[in-house]
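These are the structures, in structure tokens.
You will see two complexes here that share chain A, one where it goes with chain B and one where it goes with chain C.
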Partner chain A sequence: MNEKTRFMLALITPAALVLMLFQIVPILTGANVSFRDWTLHDPKRTWVGLANYVHVLRDVEFLEIVLPNTFGFMFATVALSLLLGLMIALMLNKRFPGRWLVQSFVLLPLMVAPVIAAIMIRWMFNDQFGVVNAALEGLGLAPISWLTQRWTTFLVILLTDVWLWTPWFGLILLAGLQSLPREPFEAARIDAASAWRTFRYITLPMLRPVMVVCIVIRAIDAFRTFDIVWTISGGGPARATEVFSIYAYVESFQFLNLARGSAAAVIGAIIIVIFALLLYRILNRFVEVSK
Partner chain B sequence: MDIAPARGGGFFSALAPRGKAVFFALTATAVCLLFAFPAFWLVLTSLRPGTGVYYVHRGTEFTIDNFHDVLSQEIVLKALFNSFMISTAATVLSLGVTATSGYMLSRFKGPIPNTWFSLIYIFRCVPYVAWVLPLYFVTQRLHIFDSYWGLLLPHIAVHICFFSWIMKGFFDGIDPSMEYAAMIDGCSRWGAFWRVAMPAAIPGLTALAILCWLYTWNEFLFALILTAHETPILTVVMAQFVHELGMEWHLMSATAVIALVPALIVTLFGQRYVIRGLRI
Partner chain C sequence: MPERQFRSSIRLCVAIALGLVLSTGIFSAQAQDRELKVGYMKNPIQDASLDIMEKWAKANGVKLTRVPMAYSVFMEKVTTTLTTGNDQFDVIWHNDDWGQLWKKWLETTDDVRGIDNADQWPLLAFWDDEKKLTVVPMAHTVGTFFYRTDLVKPEEVPTTFAQLVSVSQRLQKEGKIKWGYVGGMNMNNTWFSLWWTMWANNCDILKPLFERDNAKLAAAKFEPAVTAPCHREIVEFWWDAINTHKISPPGMTAYGRNEANAIFMAGEAAFTLVDSTHFGEFNDPKRSKIVGKIGMAPFPVGPRAQKPTSWNEIWGWAIPKGVPAERKKLAKEMLSAMMSDEAGQIEMWKKTGGPPPNVKLWPKLAADDKDFAALKHAVFDQTPITHSAYYFAEWPAVHKAYSDMAIAALSGKREDIPKVLAEHVERIQRAATGN
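Here is the complex of A and B:
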């Protein structure tokens, strides 16, 4: 082992140790469970191979509700917060009086704990005491029982997630915007290009690499969302808004079948690893073409 | 959402300059209101007496007793202190650990960096649910459950994947020729990393430190599962006002508002550095 290799290994040793002990070991322990019969009446924990995986992959709930919910949620939240974050970044990239104030307001969701935000949102959308229904009644509209129907519940969860994550997109895209070179914009102004064309043909292509990283990171996180869904709806009404983290949790701790829950978690992890890789490739291809 | 036209230059240019400014101001206000509303509601709820929270939007009684009530509870004070210590320590340690790992990913090519990158990429994708329960047993086995280390080390593990990735981006943006020059002049590899590359990465590190602090301060799931009575954590204490002790919305909101203050300070002072530093 030469000196360079030793240096490389020394650089990653602390991170690798922590990762090993607190991420890889627990995850592999969980994966081990997924190959066994972990129900209460089998104290021997018999090895059952892929039986748990087969069960999850044949579960109608998983295939027809959980997967569409998870992917739908992921696409919707990433697209909406990217769009809103981009608008906010473009707005904050201009100079105007009170910019600092607007920026501070926009960053508010980053400061509130997501679980508190979710509790608060559930309260605001409460059908009897919530402010949203009070506002609807004030406008002369019929109150809606938001959290008892699938699509309205889904909408509330989605809006909460978009609210929480738009500032994150806005912040990173703003940083990206401010690091762009000025010359192309000056050239565009001299050529009297319209604001829209400047945005479409200069800003957007130059911002794409940052956007790709943002989208991939956020898509992975959105795919495994747990806490806000759990706090707002608990996967309900009647399991209709379960995403796959919730499915794994419910299987493990409410139906007390840890093995099946772990199998679901592993399946989800495999799906997102492959999906994120494809997404990264496809988006990068776009970037190459647009150059 | 009603802010769509903010982007539309075509629409903007159709308006007269004056109308444009008014329109812009309106959009900015709408965005502010939209983002501030849940937080504003939280503050409002925290100022209402316990009997008034069911109709926060009606009634005019306001009180600051909630804050007094909350701050006189020992567990809240302890949780404030613990959360502060954990967030700060997690920030320092995570950055220390990932700066070296990101530097390695950025400066070297070959099988070792590739393996390391795929490892952190794959393990970033595993959902927390598959992870926290076995983690509970690991911390039990190591006798660090319900202690600072028992929460700190898993937090660092969470940050390793994401931060190494971002740090790689920071170091990619720094020209390595300065480090080569330093090494030719007799600096060791560590010296080149520590004295040349690290100072250049400080804007990025500051940005990441702020985000890391906020994230840990607000984190819930790990705190819930990996701590018990010995080490109360603020987010868990807050959530318990609503779950276990009945529906004490006013107390939960008051605690949440108190928790908001340090986060607010960090964000208000840090936002300039975050934007300057976050260039992937």
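Here is the complex of A and C:
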């Protein structure tokens, strides 16, 4: 081993150790637990094979409520955040007085911890003290019990997530926009192309690779959303807004069945890996076609 | 970098790291000799109980370290430390909800001085398999029916469900309050609406009704009682309270105790039912608009009950088995001091509304303190019909399945209630049997 290789290994080792200790080992431990009889209060640790996986995959709630909710939430939040983030990026890509102030203001949600935001939103949508109902009543409309029905609760969760993540899309897409070559835009201007056609046929196709990365990263993250759903609704009313991570958490830490929760987590991980690969492939093909 | 220099640098780093680890271990071992760490939930009553222990700790040169945790993660976190034999905490908060889950991981406490002065009824959840106790009571947690004394005279306080509706509606019509009754209802707050009315209507969750012997419940295959008429009646009662009589807020199915308490403390509701341990909070002028205007009364009863019922459980302290013997001994001395400190327990009641664990103090306290006399009449003088939880490992799953059923029934149409209850029988049974 030459000096260069040793030096390289010395640089990599700390990061590799951290990754191993805090990512790989916990994942392997969790996977090991999922094949055993392992409750949190009385871990017998006996091997039970795929029993926990079979239980989760046969659970009607998991199949008919949890997975549809998770995918529905993922699609909705990614689509809305992408759309709004793109609009913000396009706006901030233009020069106007006070742009730095708007940019700072737009980025504020990124600086708020999701749990804090969720607590704040829960009280904002409280049917008695909430500012949202106060505004509705001020407009002469009837107040709404936001958190007692499935779709209104889902809407509150979705709005919170979109509010938190739109600036992230905006920031990345703005960086993408600012790195685009100027020549195609100058050519379009010379050809007197309208703003819409410039956006449709130049900006959007050139921005697609950045959008693909954003969509894939955010979709994976949205699939495992926990904090805001737990804080706003706890997966309720009843189990109407329960998503995959809440299911795994409840099994592990409310029902204390760590093995079943781990099995759910592994199933979720497999689903999201397959989904992310498919999504990446589809979106990448879309980018290739647009080139 | 030459190889020799590289190797010596690595050796130096390893030596420094080892030195640090060893010295930290030695110093922490020295410090731990006279230190007790308490893992607890941040709550005025638990802090008041810790204040009693702090007096003993200061007098005996022991450092008492408080490690507060949120309720939502407490049980999970402490369960993990117990099962791994970790001695992170010398004393931990203990609760009947998870009393049986921890029985094999806790030190027995029968030899703690003053334990004989504790009420025996709430200790059911805390016996281990050898019939040894694993808890030292800190305070009683009793569901208490609170009413506004400035709005309702003692003789007008509802004694039945029907009166709860009629008195609430009268006060609403008179414009004195926005809501009649408010209470927590979502998961982990089921006691403060559905369950108190369930027991007050002579009903229960599993068959045989009011049975808490796990063997007998298992023999009955953990059959839910949720389709029984007594049970359907209480779900219908709450549906009507929210939608027909409108004495409770429409959002109540999503309320935890924080939301419900906020409405009561804002002076917008006449009645609530919550643990007596919130009495101090209701009388805190910094947080409440109804200070000094709160009375306590027995639970109103449903159509199937003849007399009021109550629930009477405890919060307690426990010592993990993994704690070294010396610190176990020290912890027991501290808990003995807490159990024997009558002045401290009375102060805890006066500061927080936490009823003392030493029941021999109760008659004296009731004679001197009108609030305790009211609580004693409202709760301790009533006979509990059963315990306010079940004590088997799958109880949290049963609670969740029950809560999902009730919230689903209350969120739908009134005529669908029997159907929703019937649909959930199998789910509750599956939850109870771990399938």
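Quick note on the criterion: the second predicted complex is superposed on the first by the 273 of 291 C-alpha atoms of A that agree within 3 Å, B and C clash if a C-alpha of one lies under 4 Å from a C-alpha of the other, contacts with A are read in each partner's own complex, and residues count from 1 in each chain.
What we mean here is this: a residue touches a chain if its C-beta (ideal position, glycine included) is under 8 Å from a C-beta of that chain, and two chains touch if they have at least 3 such contacts.
A quick note: this is a predicted structure, and the numbers were derived from the prediction, not measured.
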Contacts of A:265 with chain B and chain C, given as first, second, both or neither: first
Touched partner set for A:129, first chain B, second chain C, both or neither: both
A:187 touches, of chain B and chain C: first, second, both or neither? neither
Touched partner set for A:7, first chain B, second chain C, both or neither: both
First, second, both or neither for A:204, with chain B first and chain C second: neither
Greater residue coverage of chain A in the superposed arrangement, chain B or chain C: B
Which superposed partner A:195 touches (first chain B, second chain C, both, neither): first
Touching partner for A:282 - first (chain B), second (chain C), both, neither: neither
Chain B/chain C common contact set on chain A: 3, 7, 129, 252
Residues on chain C engaged by chain A in the complex (per definition of touch): 1, 3, 6, 73, 76, 79-80, 82-83, 98, 101-102, 104, 178, 186-187, 249-251, 253-254, 259, 262-263, 266, 268, 393-394, 396-397, 400, 403-405, 407-408, 411, 431, 434
Touch list for chain A against partner chain C, complex: 3, 6-7, 39-43, 126-129, 145-149, 153, 233-234, 236-239, 250, 252-257
Chain A-facing residues of chain B, complex: 1, 3-4, 6-10, 12-13, 24, 27-28, 31-32, 35-36, 38-39, 41-42, 45, 54-57, 96-98, 100-101, 103-104, 108, 112-113, 116, 119-135, 137-138, 153-154, 156-158, 160-162, 164-165, 169, 189-190, 193, 207, 214, 217-221, 235, 238-239, 242, 249, 252-253, 256, 259-260, 263-264, 267-268, 271, 274-280
Interface residues, chain A side, partner chain B - complex: 3-5, 7-12, 14-16, 18-19, 21-27, 29-31, 33, 84, 86-88, 90-91, 96, 98, 101-117, 119-121, 123-124, 129, 131, 134, 163, 166-167, 171-172, 174-176, 178-179, 194-199, 209-210, 213-214, 217, 220, 223-224, 226-227, 244-245, 248-249, 252, 258, 261-262, 265-266, 268-269, 272-273, 276
